[in-house]
Structure formats: structure tokens, C-alpha cells
Amino acid sequence: MIEFNHVYKSYDKNYILRDLNFNVNKGEFIFITGPSGAGKTTTLKMLIALEKPTHGTIKFIDTELQNLKPKDIPFLRRKIGFVFQDFKLLSNRTVFQNVALGLEVSGIFGDVIVKNVTEILKAVELFVKKDEYPLSLSGGEQQRVAIARALIQNPQVLLADEPTGNLDEDTSRIIIDLIKSFNNKGTTVILATHDKNLIRMGRARTIDITKS
Amino acid sequence: MISQRVNYIINYFKVALLNIKSNITGNLFAFAIMSFSYFIMLFFLLCYVNIYNYMRLFQKNNIMIVFLKNGAKKDNVINYIKTIKGIKNIHYYSHKSSLKFLEGKVNHIRSILKGVNPDFLPSFIKIRFKKDAISKIFLSNIYLRIKTFKGVSIVYYNKLLEDKIVQFMFFTKVIGLIIFIFLFILSIFISYSAIKLVILRKQTEIEILKLIGATNSYIRIPMFIEGEIGTILSFFLSVLLLFLIFKTFIYYHFSDFLAYFHINIIFLSGWQIFLIFIIALVSGFLGTYLSSKKFFYEPAI
Amino acid sequence: MISQRVNYIINYFKVALLNIKSNITGNLFAFAIMSFSYFIMLFFLLCYVNIYNYMRLFQKNNIMIVFLKNGAKKDNVINYIKTIKGIKNIHYYSHKSSLKFLEGKVNHIRSILKGVNPDFLPSFIKIRFKKDAISKIFLSNIYLRIKTFKGVSIVYYNKLLEDKIVQFMFFTKVIGLIIFIFLFILSIFISYSAIKLVILRKQTEIEILKLIGATNSYIRIPMFIEGEIGTILSFFLSVLLLFLIFKTFIYYHFSDFLAYFHINIIFLSGWQIFLIFIIALVSGFLGTYLSSKKFFYEPAI
Amino acid sequence: MIEFNHVYKSYDKNYILRDLNFNVNKGEFIFITGPSGAGKTTTLKMLIALEKPTHGTIKFIDTELQNLKPKDIPFLRRKIGFVFQDFKLLSNRTVFQNVALGLEVSGIFGDVIVKNVTEILKAVELFVKKDEYPLSLSGGEQQRVAIARALIQNPQVLLADEPTGNLDEDTSRIIIDLIKSFNNKGTTVILATHDKNLIRMGRARTIDITKS
């Protein structure tokens, strides 16, 4: 489903990634790992066409990303849920509105929103905070809102960048279980982390990008 | 499909209102700055219209006076003059009415003219030209033609004033146009800055929305709605303000005073207000477009 | 201690310049909007000064004409008039010069006055008053006094015009003041919005600086410097602009034309420009102060 | 040195903290722990007078924080280095300038800045990135800049909120060692985290705020 072929990535002549090659099959769950600054976030960003590989090609389902037209990018992104390392929540919208946005941008309005958002907020244990604004949430709570927003789109692929960096062990487990349950329903998951515990918990294929 | 469109539109309005609400101070500033800009524009137009109106008065005064030689056949002269194009009306003053004319001119020493024999005074013909027929060449032409006609003693018209007025009318038109273009660009620029003030705060929001798959129109349409709401409201505020000021002016009889100088104050016509309204709408649109443009520039990947 | 202060000041300027550089577009907008606001202010002042100047011309024309009865003793009358305060000069016109005066008034029919006997015309005295001595009560007073003097036939002065001019001068002053106060508030408001445009982007920056222990003055002083740099530059731009427009106006001889209507165009004096400069500085300061205020409100803990 | 006496903290009637009591002595190294949303960040924020306890008193050295005047707050904050959970870097300044700011706000200018900043950037292994802007740094790199900015003030107390949340194990160890070395030179350290590994590594007194 996803193919990285000889991908190189440099910023101002400094190569972060060299000759990265991997495949991810539909429905798989994989970890991307590597030390701080290795290029995990960059790898994920290239998948949603936010960064462009310096050389090499990336294939998503049938699309070669380098051939994608700017106007098609939003539609690619709707197929991919992304949990950002720095959450990227809208500070002038409540938790509920932030999560609902995941559906609204795809043109889904009305009652179905209320139903789905309520469901997912309960799953990440944040329903009581639904009317709070992101600035009054703790780090871990913000992270869970970001996860909820990504999952509500019911994406074909979920990319999660350090989704448990701000969570304690118990909450981490809840989140991993939630992600696993989506994975079981067919969502492909790529999870970037350096948390050895999490990798142990997940028990899945691990790609170490420093070794590429 | 249609209900989907309606949903989108409702959502756009909802988002626009939410945006206005969540940055109410920013929107108020934008609103005030834009009102000010439209006010200045309307005010200049008002001044221009009035100056133009005032100057037409001078044009209307374009009169030529033909003094007849004693014993000349006035009908010949009058008939000849009637063949000239662009004349509004012709008036003949006999010796007697000439005395009356003089008396009117020097009203306060009227008494002393009592002893004057009307025959001392000339008979003359007053020609009033049509407004639109007046141009420098035209009048000087006619002047030359009448002057050489039999029985005509002196032809009098204010050549210098005429030159100056034609010139001034021209400059007024040109300057009016220049100022107008200047104000138009300015109003776009001001709308641009004002809306930018509002949009700048949204930079992160826009980036995030794009990251989660919003199309450009999904992000932009609410902005346009927001921009145009501000534009329309501030336009009406500025018209209202100008109108109130105008009414106050009338109320305190300033216009009566100006009427003393033959200055007649008029308000903008519906068409003129509509013109500015269109300019406001366009500048609101362009302002939103330009100030949000850079967020939507996407290099091909 | 002193070198420490100098270090701080250098740092403040460095930070201010860094801020300007890192938000160059925002600063350019602020700059342009402020220039516009000062330009409008200067332009209004220029108009006001010229209108005021023009109206003084009417005041200067305040003349009273005293017609004498035939055979009246002119010296008595003149001596009496000389006792009145506020008179600039007195001129006596005999019967003959009266005829000349009339001829001057009706220049184009001059020839026909040739047969008139000067004795038909009255002799009169023209009184010109000092500008600053003219007020409604004053002239009507004098009018009554002279009218009842022996040998005086008619006293003529433009009472209506006088009333209107006094009234108009008053309104001009009041309206000028109101517009000025309005523009002053407006310029503060515009500086406020413009600077806010720049400062809004700094909200996070300010919060962070406060979190790591910066004092309010450490954060604010560079803002004031930034604000005042913008103010000063935009002020000079607007003066320059106005001056260039003025010069163009003169260059194309518009002023010659207006001189024809006895309108004499003058530029702003140094003092007037200085006044606006002070207003600009104050509004830049208040603009920065107000727009950054909310970031520095700290509830007691 | 630091005393929390019967501290309660609520947001809109929801009590986050109830009757929190603890002392920290000069030169100590302690962990504050608790699950996501327990109030770790809130506890640290109260120490720099960014939040105000609903009841109870906090004492820092000789100051009762509730008696502090607004104009004295900056001087309190200069004595306390704070590593924020969300870093709080200035995006329009380079890494170098961001770190230098820690000194400049206290009125230190000139050559000493260059020397100290260079030193601390080398310690967090970021000297090569000194002219980059925060937005082009990876999550872990930003976190290290934040740590460097806090440490350069050579504060009496260092408060670090999840300072290794975005760091892999090796980099975490480097950072912990760095903080320890400041601790050995006399800096009191309070470190909020839910990372069991880190607590194990640190081997120090741990306060679990959920148990208060």
C-alpha cells in the first residue's frame, strides 16, 4: 500500500535520510524508530505531501506522490489520519469542535458529527472536557484530542508521531489499544516513536530509519 | 448533491460568524479602518460633486453682449444671430431697458441716474449659450463673426474667464479622476491591511486546516464572507455618517450662507453611492484575496 | 552602572530593529496606513489654513460708504469720522471722482457716461476699517452714529454680508477645531490599529519573554522604539507627499487660476507642520501604549 | 527552600490539586509524578507565579508567593529556570538567539553571552544547529534548546516539565546527566514526568501528586 523507493531527503545539502526503502501492506501495524533528529517526523510528513523527497519516489496506493497536483493534496490527506508531534489543535475551538473538524473538512455535517465525536471522545476519555479550549488542557489531554481528530476521519492509514510522548503508562496503553482496535478493523498504522516500552507493548514490525 | 451544497454554504457562514466572534476586536478594528476609508472616499466624492456643480454655474453664465450702433436694424442682427448653433436664448434690450440694466448694476446710486436721457445709452442684444456648446474655439469664432456684421458696434464677452473656466473644468475632471483612482487603490490597500490584520491571526489555523485535508475553498470562502460582511457594514456606517454630517450642515443653515455665494450644496445621488458601494465590495474582495493569497500558494510537489 | 544602561539601550534598539526586520511586511503596512492618516491630517490642515486665509480677504473688504448731501461740509464729516476708533483709512471722493468710480464699475458701457454732468453724481467718503476691529456690533454702531450726523445723506455698508462673515468665521473656527480633534483621535486610533497589527504577531513572543523573567520595560521599550520609528518615517513621507502635490499644483499654474478668484494658496508654516509632528509622535506613543497594554496587565497574585 | 502548604487548585470549581504539601531543600533533586492531567504542570506553574493557588500558601526561599507584587515577578522568574512541556521558543530567533535570551533578559550582554551560549549548546549537542530557526528543528532538538535556555541562567532552581518526552533513551541520558551536573553544583531540580524509565535513571525522591 505504501512504498518508499530509494528516498533521500536533505535540508540545505544536509542529508537527513539516505536511501530509505520500505513497504507497508494494507492493514499492517509498524513502528518507525530512531534517535532524536533521525528523520522520523520528516518521513511521515513526506507521506502527506508536506515535504518532498530530494530523490526517490513514494507510492501511496496507486499514486506516485511526486505526480500529485496541488489541488489533489487535500483528498490525499483525508485518507490519512495524522497525529502530530506538536498536536496542531485550533486554539479558538473547543475540544468538540476540534475533533468535529476532522469530519467537516470532508464535507460531513449534521447529526452524524455529534454521534461520532461523542463516541471517539469517550474512547480517549475526554468526553468531560468536550467544551474546554486546548489551552486549558494538559499536555497529555491535548495529545489525546489530536489522536481523536485523526481517528474520526476513519482513515485508511493512520500516521502517529510520538502519540504517547506526553502520556503516562496507563493512558498510553489505552491509546495503543484504541489504535490497535482501528488496526484490527483494517486501518494501516505507522507509528513513529523512540519509546522502547511502547514498541515492546505494540509487538509489531519496526523500521529503524537510522539503519537505512 | 444540492443539500450537500446547502450544507457547505451554511457551514461557511457558521465558520465566518465563529471567526468574527472569536476575534471580535480584530474585526472591529478592520471595520473601523474600512469605514474611515470609505468615508474619506464618499467625502471626496461629495466635495467633488459640489465643486463640479458650482462650476457649472460659471458655465451657465456664459453670455455674449452685442452692442448695436445707433440706428442699426436690430431685426437683421437678431436674425443673423439666430442662424448660429448652440444658442439658448436671445434677448434684445432697447435704450430704455438699457437704462434699467444700468440702474440694476449700480443700485445704490440709482437716484443720480434719474436725469440721464435713455438715448445716451446703447441698445444691445444679450445672447445666452447652451452649456454643452461652449468651448473656447466656439465662442471666439462667434465673436469674430458677429463683430464684423453690419450695425454691430462692440461685442463683449469674458474671454479670459472663459479660457480659465474651460481649463479649470478640464483640470477638475482630470484631478477628480486621479484622486478617484488614487482613493480606489487606497481603499483596496486599506481593506487589504485591515483584513490582513484579521487573517494574520489565522495563519496557524489555516496551516492546520490544510494539514487535515481541507480544500482551499473550504478555508477561503468563510474568509471572503467575513471580509464582505465587514465591508458592507462599514460602507453603510460611512454613508450614514456622511449623511448625518450633511444633515447637520443643512440644519445649522450653513448652506443658506453658502447660497449667498451662489454655492448650492447637494448630496450624493443614489448612483454615486452605488458606485462607491461597488468599489467597496471589490476592494473587500481583493483585500481578502490578496491578504490570504500567500497562505494558498502551493508549489507543485 | 552607566555602561549597563548603555548596554540596555543598545539592546533595545537592536531588538527593535530585529523586530522590524522579522516582520517587514507588517511594518510596511503599519507605515503606509500611518502615512495615510498623517497625510489626511496635513491635507485638512492645509485646506483649513487656505480657507481661513481666503476668508480674511472678505474681512479686509469691510468698507463703509458715506454719501454726503449736496452742499454738506465735507471737512466736518471727515473730522467727525476721524474720532471713531478702528478706522484704517478715509478717502473722500468729489463729484468728479464719483463719476470716475461709476465708469470703473460699468467699464464696458463707459462711452455712454460721457455726456453725464458730474454734479448729478454724489460726493462720498469711503471708510476702510482695520481687520481686527471688525465685529458685528462695532460696525452697526458706527453706522447709526454716522447716519445721524449733519450733512450725511446715506450710509451704505454690506450688513448682511458682514453678519454672515462673522458667523462663518466663527463656524469655520469651531468646525476646524472639531475636525482637528476628530483627526487627532483618529490618528491615535489609526496608529493604534497599525501598531496592533504589528504587535499582535508578538503575543506569543511577549508571553514567552515574560515567562523567562523579562521585565515589562525590557519588552515594551523596543516596541515604543519600533512604533516611533514607524511614526517618524511615515510622518516625513506624508509631509513630503503633500509638499510634492503642492508643488505640482503650483507648477501647473492652478494657483494662478485661483488667484483670479482672489484665492491665494499658501503652504503650511513650519509651526503647523511641527504641530502635526507632535501629534504624530503622541499618537505613535499612545498607539503603542494602548495596543500593548493588555499584554502587560498582570493581576496581583 | 520551597514549601507547599495545603495547596488546593481548582479551575471552574473542579479541584485538580487537593491539600498538596511538600518541601524541597536547597540542592535537592526530586521528581513530581502522576498520570496525564494530574496537575504536574500546574504545580510547576504555581512556582513561577503563572498560576495562583486557590487555597494554601507557597513559599520560595523567604518569599510567600501570594504576597509577591506584579513588578517583582520577573525577578522571581530569573531565579528559576523553566523547561516548558511545549518548549515555548521564539520562532523568529535562531537557536543561538533563543538561548542567549535567557541571559539578555537579566541584563547580561556582550562577549560573555557568546561564550556561555556556545558552551551550553555543545553540552546539549546542538552547536551545529545554532543558526537554525526552531521551526526547522525536530521535536527532540527543540526540547534541548528549551533546556539550554533554562540552564544558561544558572538558576537557583530548575523546573523541568517532561524534559525528555520527545527524546530517545540515549539523548535522555545525556540530558539527565547534564541536569545532574548542575544539581551537583548546587542547583535545586524539580522534574515533572511520568516516564518510569527516567525516574529509575534519576534515582531520587519522587512526589506523586495524585496521592496528596
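Order of writing sets the chain letters: A, B, C and D. Residues in each chain are counted from 1.
By definition in this document, contacts are C-beta pairs under 8 Å (C-beta built on N, C-alpha and C of every residue); 3 or more make two chains touch, one makes a residue touch a chain.
What you see is a predicted model; the values in this text were computed from it and never measured.
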Identify the chains adjacent to both chain B and chain C in the sense defined at the top.
none
What is the chain whose Cα centroid lies farthest from the Cα centroid of chain C?
A
Chain centres from averaged Cα atoms put chain A and chain C apart, in whole Å, by 66
Just how far, in Å, is the C-alpha centre of chain D from the one of chain C?
60
With chain centres taken as the means of their Cα atoms, state the distance from chain A to chain D in Å.
29
Any chance you could list the residues of chain B touching two or more other chains?
none
List, in ascending order, every residue of chain D touching at least 2 other chains.
none
Can you tell me, using the touch rule above, whether these chains form a line, ring, star, complete graph or other shape?
ring
Of all possible chain pairs, which ones touch?
A-B, A-D, B-C, C-D
Residue numbers on chain C that touch chain D, as the complex places them
4, 7-8, 10-11, 18, 22-23, 204-205, 207-216, 218, 298-301
Residues of chain A touching chain B in their complex?
48-50, 52, 65-66, 68-71, 73-78, 82, 84, 88-93, 101-102, 104-107, 109-110, 149, 153
Listed in rising order, chain A residues that touch chain D in their complex are 11, 34-38, 40-41, 85-86, 136-141, 143-144, 161-162, 165-171, 194, 196-197
Could you pull out which chain B residues touch chain C in their complex?
26, 29, 32-33, 36, 40, 65, 67, 98, 102, 105-106, 108-109, 112-113, 115-117, 120-122, 154, 156, 160-161, 164, 167-168, 171, 186, 189-190, 193-194, 196-197, 200-201, 252, 254, 257, 260
